[in-house]
């Protein structure tokens, strides 16, 4: 069986950044396995701008952002295989992939970095009633058909869900001559970034209806229309608020789900809230030598943070390959997400071995105004920072310094929560 | 005197800002940082946007090459720019950053490729 | 044959029509099957519980009982001959109260009278030992080891392909609008196409079977579409139960089943609502909720958040609650009112009607009948060595297009190129499960459209989800 020091599953923004960082950390033998015919992942179809403000201090389009990382990988001559799909990973880090040229191959990895990204939630997951005609697309599928293949998916459009891809597609389809009639969002707040609401909807006079959902889908062959209704606080449609829209296209932007079928196969423990693996401050899963980063770990809003996170996974995987197993009986402290904080990544901190600072990313459960983000070490309040606005659609982060744990040698847990006063 | 309510898109905070325009005198309230004032002023005086789209490629390994306006263009020109972008065809190979339209819709702004497309 | 085009014309390419076609293809007869849609298995046969019932439900002595038990018996051998997915997972009918026990006993006795093998009444504890996720409310159950699950697409398509290989002509997008008696047979008027003349007609038109029956018979029948909504759950939930879990009709009303599918998903449904619209394959919030709520009576902790799709099917319910099979008018044979257990019964109905027609026509059996058919290989289910060998021979089996269901380009290509190959995205999906998985074709739609276009020459803008009118894209952007 062929051996590689680090095998990276996925050649999108996470995989590329992890590869570049691992090489920088001195690992020569790296292999990226990518299922598509090109590197770059979903960025290839995200032709809009707004990427890279944090990483490159300039505003790039998705393909431009991807090209910078692809260039790093090419310059470093990091090997990759395209059109290659991984079908199995086991706890012993044997990775089985399949492609046209080699057929079915199993390789042994010193470390594995999971960077498979996420998929869109389909209509079926919503149980939206009605017919099942053509013309219903997840926003990303429509985006691919338009931006890569060059096809127009429809002329009169309704969008369900105000996730960023839906908002971006509202503008994109408008620019291409389609009429986007309405964007409906089940929640009382948008799931997308504010700048996208302004630049993609407001600029073009596209209405955003919050607390609305689709209660019926019409059309036997191709979609002919939908019925929208307002929902109450329990998200149940309110009778009498129904509105009919004729349309030939319905785009869904109703959430992203980390693609963790391979991770589950490897037996790593999964987090119910993120739908990604549980990881420690090294981004190592509970399976030794298997790391996770990017949207497969938790869904991000900004690719810049994916790249950062993935670089960290790459560095840590490199350290693992060079130095081997972490010491037994390490002082592991769980991070608890409470009172308005839905989850944290990482979920566990190795206090002894942590780097000088560790970034903890999280999302809140609802839109909050003038709340504090508080950090407790056991019962002791460590920090409390006021935030004007917190929203589920915008990922938050706090930084924990290694020095802050001096004086807490027996710490049992770290709690991150919101507080009103 | 004219009053306009905007949402600042300078950062994820999305502050609601109010701009009052009285002749040359522009007053911004509601912003929480100086960037908010700058954004609001520009937005009422001469709003601009980067336009991104794609252009059909002849003989390319993919059907379309993604493009953008090299710098921001007046918001009022967006659809004129789109019209020109839609009318153009590029021949593969196309290089990242290659100029595909020199002066798009009289804006003086170039349309450049944001990815490279190899020839079939 | 007196200038008529065909000896037999079958109206309807559902599982019943396909089974009749396959059995008729054993004989020296010129047979045609006409189907309104672009493919077989496009109506009731594609949207049902995918169950092979044991046969205890139907009234003693009824055609339903006879065909069900015989169809069940035939299914095992048929699945081997025609290479479609079928498993005898066994079924349980749960009884939730002591007062309903007599009804359970009656069901058992009916099953015995219907000659269902190996039936057994077991206690609530025995049920839970067998199926740990059954609720504590179950006090007893009827256990039928011969109950099974089948791929309804696989079954229908296998029958149709084998019929086609044996000379049956299939005409798609062919909607019969009228039937007139002519000398020696019938003339079928077809919408937008030329008439078809035939000596015999088999009416296997599902929810429309009453329309055709009533064109030729004075004894009118009425088929009421009985709509059933279903929820399908991710394969992660597929092992939640192993057997098909029914509910004894009782104080909770008519039951909802919970069953694994042959491909490892979990299926919940169906509701039962009589509607007027024979095209009314829409789901409603009320019925989907009902299906989920009632399923929780039988099975605990169903992970409803893993629903990946919901759908609705129409059972062709005949008002007398019985199959109508046989000669309705001279040379006109009905297979009408084929609601549940229609899928289970199809193989038996096929044999029964084919024998009737053969006898009446005096047709002899062919000597060159091809009794078996090989399905499309599913590479992901193969052993490592087999799969490697296949990819070596056919490299396109090494390119995975549908990552959720692990479907390769080779499988998709084969689903298009073979006998009665797919001409629509749904046709591909029903043959090789592309797009059936948890992302519901989000990732693989563009690639599959390209392959279909490349293989058939159908331009991209004419690629359909199913029937004409269901085009996927409007034009080039």
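First chain written, first letter: the chains are A, B and C, and each begins at residue 1.
In this text, a residue touches a chain if its C-beta (ideal position, glycine included) is under 8 Å from a C-beta of that chain, and two chains touch if they have at least 3 such contacts.
This structure is a prediction, so every number in the text was calculated from the model and none was measured.
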Pair of chains joined by more contacts [C-beta pairs], A-C or A-B: A-C
Most centrally placed chain, judged by C-alpha centres: A
Intercentroid distance (Cα basis), chain C paired with chain B, Å: 53
Approximate Å spacing (C-alpha centroids) for the pair chain A, chain B: 26
Between chain C and chain A, distance of the C-alpha-averaged centres to the nearest whole Å: 39
For chain B, residues that touch 2 or more chains besides their own: 54
In chain A, residues with contacts to at least two other chains: 146, 148-150, 176
Multi-chain contact residues (two or more partners), chain C: 477
Residue ranges of chain B in contact with chain A within the complex: 6-7, 9, 12-14, 32, 49-54, 56, 62-64, 66-68, 75, 78-79, 82, 86, 96, 114-116
Residues of chain A defined as touching chain C within the complex: 35, 83, 85, 87, 98-104, 119-120, 122-125, 127, 129-135, 137-138, 140-141, 144-146, 148-155, 176, 215-217, 220-222, 237, 248, 261
Footprint of chain A on chain C - complex, ascending: 231-232, 279, 281-285, 288, 305, 307-311, 380, 384, 387-388, 391-392, 395-396, 398-400, 403-404, 406, 438-443, 445-446, 450, 460-461, 464-477
Footprint of chain B on chain A - complex, ascending: 44, 47-49, 59-64, 66-67, 146-150, 172, 175-176, 193-195, 197-199, 202-203, 388-389, 394
